[in-house]
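Below you'll find the structures, each written out as structure tokens.
Two complexes are shown next, each including chain A; its partner changes from chain B in the first to chain C in the second.
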Partner chain A sequence: METERMTACRIAEAVNRAEVSAYRLVEKILDRCNHLNANLNLFVSIAGSEALEQANKVDGMVKNGRSLPLAGVPVVVKDDFCYSAKPTTYGSPAFKNFSSPFNAAAVDKLLDAGAVIIGKTNLDGMSMGSTTAFSPNGPTRNPWDVNLVAGSAGAAAVVSEPGLIALESDSGGALRQGASHCGVLGLRPSIGRVSRYGLNVFSSSFGQAGIIASAATDLSVVLKVISGFDYRDASTALCNSTADQVADITKPEQITIGWPENLIDNLDSDQHNIFGQALENIQVKGFKLAKLSISYFPEALRAYHVIACAEASSNLSRYDGVRFGQAALAENLEELYFKSRRLTFGPEARRRSIFGTFLLSKGNFDLYYRQALKVWKLVRQEFSAVLDQCDLLLLPVVKNLPYPVAEQVDFLELYEGDLFCAPVSLAGLPAVSIPAGKADHLPLGLQLVGPPFSDELLIEAASRIMTNMTMPPGVS
Partner chain B sequence: MDYEVVIGLEVHVELHTESKLFCSCPNHFTAEPNINICPVCLGFPGALPQMNREAVSKALIASLALNCEVALFSYFDRKNYFYPDMPKGYQISQYYVPIGSKGYLEIEDDGGHLKKVLIGRVHMEEDAGKLVHAVSGEYSMVDYNRAGVPLVEIVTDPDLRSPGEACRYLEQLKSILQYAMVSDCKMEEGSLRCDANISLRPLGSKSLGSKTELKNMNSFRAVERSLEHEIKRQKDILNCGKKVESQTLRWDEESQATIAMRGKLQAHDYRCFTDPELAPVELSSAEVEKARKNLPEMAEARAARFVSRLGLPEYDARVLTASRVMADYFESCLEFYNNTKAVSNWVMGEFAAQLNNAGIEADQCTFGPEHLVELLKMIDEKIISGKIAKDVLAKAFQTGRTPRQVVEEEGLLQISNHSELEAIIGKVIKENPASVENYRGGKTKVIGFLVGQVMKETGGKANPQLVNELLLEKLVE
Partner chain C sequence: MISIKKIEEDMDKAIDVIKIEITPDEKKQLAVNLKEYLQWLEPLLNVDTSGLVEMINSHGAVNVLRDDKAQGGDRHLLQQAASDFDEGFYQVPPVIE
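Showing the complex of A and B:
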């Protein structure tokens, strides 16, 4: 079996038919991942023996006549999801030996569906960032150009090994931007589609579990597996009525894709060109286009950061050295807190924690946090109004192409990099980042955004619109 | 100068639920540390809170029982601060919109008049764990069994005017919450905890003086004493022309004094914001009305029933219904025994005295209703005298034996044997010729003295009625 142009669906099909053993497949994938890891720094840990054991189990089930939706499908999991077989480091040096006592809900669902977890992927400290430059393990390199960051280790793994699936998280856009930087599909599902139980999020309002894949069919199969009501995550109560949706675009002319002219005018020429090509392509595929305007992007970005930092300051308070992680030796309580939190937090986590504490404190609360809540409401209203004029919305994903690994980028510039993604998170909408073309030798994506629970429609539309990417030359 | 005392109370009550507020860990008091814990109540990375509807129902009942307005939409907020007993680094509480507000309850004021104490808010929150400090002072340990246990905090307006009123408020509050089955309200076990805000102002003044907050009072008596102590302390300060410093004080049981904990200048900024991991607490008006209709029988109603149906004196009915467990105990006795007044006398008297000595409640002792009934039946059957019965109750209560066991093992059977008693009576008559003379001379009252002497000889075990009869026979001989 050729691995090139492979999809997760085809792997599952072949394994279910016993045309290929999951064990053999996983052996090969593990070899390949070890090799990729040496060049790209993809993994925090590789789950070699655990993966082979699971593959064996899947083969056994197939032998007993079971058919599993993700039989033998290799999955890499971002290291902010709890997976008890391996440490869950959350990008913190103090957690390099931390074993979670439980699996994340999405991890359990993947395993139950016959998927095989290959390893935990690299991430920015406490998932804060869209570059992996803030990882204590160093940045993950971009398969298209190893001198640049990948943005998301999961995306880098998927583009290097089609058929592989990455379980990723997205707050301000890390998943979507990583997908763009690597030339793969990245889905940030609707709030409530996928249980976040067992996913470490610095921001509870925006942190979401999502999927990176190289084929649209893979996105929809995996979404079906990992979504659904989970009593442990209150947000999934919304999900009850929408289980097992199917979107079938038989008449693309009945679907209107809106695009904000005012934002596109300010793009650099590469992005502008690719956006133009995408619009043409959309028309060629028979969809209707609607020109419209969205005004609150800069405000939304700032509101996102205010709220996300405020929540981070609170969410990260549990890292005090008392119950888990590495505790520092200390003479008294204050020193324990001080030293242990120093061990646990990288510079960005420290910064956001301090920002958030400042933003919520007396006097600043009304000035910043309450204002941000107002903006939040306005942004939701504006997106909702815009989505009354169209079915789906086409937006840029990234503001810049990936940074060189060695470059020290100012944190504010990095925050500004979330300009097109964070407002969508703030609006609480699902989005899929799709490969749209290349700028120079690097892939560049765009995102489709839809109303809540339009995930299936998004995936289906993405499959029509996306540009088929080749493999990065260095990895094939 | 004369001062008016202004007191407001903040009471934390543990809700009596099966499980904790945001996880399925059991909500039971256990001595062994860190048994009732899970990733959620330990705040493990990735764990999310799940709301316990039973706790919401109990908080709703508490709000209604305290005559509150109920919010159909309320929220959980995070109160951020660091302490090792607080696993997440924040407490989930209702800061902005409490489930209940603008309630009241009625107490007697110092003049004996009925008075409404306004309750500003009733809100839900999670409890913290407990620190256990090593005797050496070298280290501390944390027990998270209590972390995440559901609480309601009940906050009064500054309506109370004396330590006595504060205590009557607490007694009334405890009674209501016990009757509503919301909490067992055991201050000693920490299921009811009280903080007090107290200030003094010149009599007639409308503005509030600067207040202090009192903590760590482990009994109603401690609340009363600490308030009295604090009133005196503040008076002395004011009388010297100085200002009372706004601060938090800890009641020290040993020295019976208040000790400063921290000044308000160092007070926390809790940076409260709505918890993004929890949905709003939604209640339908139908749900609220149903709960209102189903509110259980409260103390007053039960006392009225005891008077009208059981024929108890008003006084007995009020004493017995002061706590639900006591009233339950009383009514359980009546299932096996029909002398209502006898049960009432014994429950209010000897039984209550034993509870008081032991500092426990009626449902915490091994001396159950069936034991009291056994005791009363032994009196009826003249197996023991009433006087001996008091000792038997005490011994049975303290040792966990049944009254019958105590009587048998300690040889307390009443002496009703004629010849045995006659011998003793003969001895007493012989030793007290003067009294006998007096009796026969018409001073019949001395019989009491002679009966007493016989009882003394028998260690109180003689059947007093029989002694009386036999003595009369001998004396007229």
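Showing the complex of A and C:
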């Protein structure tokens, strides 16, 4: 059976029917991933023998009559999730030999469902960034243009091999922006849907586990597998959805998608055109449109960065070389702390740690941090009021197209790149980045945002309005 | 606007709190970055937040606590993650002079 370009759901179906052997499929995917890795720098590590062993196990279970929702589905996992079979480097040279003794909750659920972990994907140091330019392993290249960054190695892997699923993390928008840059779907689920146990996050309030896939049906099945209450993560919700509170996707004429005219007017011409085409497409598909106005995006972006920096400075303090992190050679305790943190933190982690500590210091706490917490509240109220006027909200994802890999981008320009994603994270809402078109030769996405626990509605709506992309020319 | 000298002084205090080695050149660059960052944050300070109560967490849910009992855990397996251990004890660099 020809397995190229099969979606993850189709792979699971074929493996469950024993039309395809998971072992043979994984063998092929591993070959392909090794080849892609040489060109795109996708992986921190590839799980060769471990993946084949897991695939063999899946074939055995299928032979014994088991049917698994993700039988033989190849999954790549961002290297901030713990996976005991491979080191978890978290994008820091200090963790290059760290092997977690346990799996992240989402990883365990994927394995239980029959998925096969192919490898751990590249990431910015300590997941701080949306480009992979801050990775100690070098940036991941964009399959659409290898001279540009991919934004997310998981997204680059999925667009190059459509049957793959990527387990990714998203704080200020890395997952959604990477999906936009590569032309695939990226879901940041509702807070509380997916356990963060075993996921290293620098920001406790905003770090989330999410999914990247090439087909909406794949997103839907994987979300069902990895979501659910987890006693080890106090932020997981006891309920999985509030289906009775969200609109019925079978009646698009009863679903209103709002769009903020005040934000769209400021987009560049390519983004503006693609947004306009998406609005036309939404109407053609039978949805209603509502023109809205949303305030506080620039302020929300800044509030996000103040809170995220403050949380980073607090969360990273444990990497002192004694309790966590690699111990540097030192002659006394003070020196041990100073040198070990130097060894563990990359340039962006150093910057955020210092900025965060500055913002939390006496005199600055009320001025910046407390103000950011109040703006957080204001933004939540603003989004809540907007979602009272519509069922879903259509927003841009990225401010800029992907940067050239060799370009040294100013840190504030990178922070500004989160303009459309960070406010959604601050509002605590689920969002899905959907391929919407191409600007020049590069894909460009838009995001649909919904009320808490409207994830399934978001995925269904995305499937109806997304633009099907071809494979990038260099990898097809 | 806060002066670069004051920023450098405050940053020194922050570095001392964090306890991280920063080179002199890097410190100069970070002070410039911090000044730019504080200017960038100005629109945040101009938002009228009177009457608003701060958000405390991202989901507004009540904390869920498990029983205060040790669960599972494999001491030997956990110690494999440490750089050095001996007879059940973690080996750490000498810290008491």
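The rule is short, and it goes like this: the second predicted complex is superposed on the first by the 459 of 476 C-alpha atoms of A that agree within 3 Å, B and C clash if a C-alpha of one lies under 4 Å from a C-alpha of the other, contacts with A are read in each partner's own complex, and residues count from 1 in each chain.
One rule holds for everything that comes next: a contact is a pair of C-beta atoms (placed from the backbone, for glycine too) under 8 Å apart; a residue touches a chain by one contact, two chains touch by 3 or more.
Remember, it's a predicted structure, so these values are computed and weren't measured experimentally.
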*Which partner does A:101 reach: the first (chain B), the second (chain C), both, or neither?*
both
_According to the stated criteria, A:354 is in contact with first (chain B), second (chain C), both, or neither; which is it?_
second
*Determine, for the superposed model, which of the two partners chain B and chain C contacts more residues of chain A.*
C
*Taking the superposition as given, does A:82 touch the first partner, chain B, the second, chain C, both, or neither?*
first
*Would you sort A:342 into first (chain B), second (chain C), both or neither based on which partner it touches?*
second
*In the overlay, answer first, second, both or neither for which of chain B and chain C A:330 touches.*
second
*Is A:298 in contact with chain B, with chain C, with both, or with neither (first, second, both, neither)?*
second
_Just checking: does A:65 make contact with chain B only, chain C only, both, or neither of them? Give me first, second, both or neither._
neither
*With the two complexes superposed on chain A, say which partner A:372 touches: chain B (first), chain C (second), both, or neither.*
second
*Which of the two partners, first being chain B and second being chain C, lies in contact with A:196: first, second, both, or neither?*
first
*Could you tell me which stretches of chain A are touched by chain B in one complex and by chain C in the other?*
98, 100-101, 205, 231-232, 234-235, 237, 313, 317, 320, 322, 333, 337, 357, 361
_Residues of chain B defined as touching chain A within the complex_ = 39, 42-51, 78, 80, 82, 84, 87-90, 142, 269, 271-273, 275-279
*If you look only at chain C, which of its residues touch chain A in the complex?*
10-11, 13-15, 17-22, 26, 30, 33-34, 36-37, 40-41, 43-45, 47, 49, 52-59, 61, 63-66, 74, 77-78, 80-81, 83, 92-93, 95-97
*Complex contacts: residues of chain A adjacent to chain B*: 81-82, 88, 90, 95, 98, 100-102, 104, 196-200, 203-205, 231-235, 237, 310-311, 313-314, 316-320, 322-324, 333, 337, 357, 360-362, 365, 369
*asked:* Give the list of chain A residues in touch with chain C in this complex.
replied: 98-101, 191-192, 205-206, 231-232, 234-237, 296, 298-299, 302-303, 305-306, 313, 317, 320-322, 326-327, 330, 332-334, 336-339, 341-342, 345, 350-351, 353-355, 357-358, 361, 367-368, 370-378, 380, 411-412, 415, 428
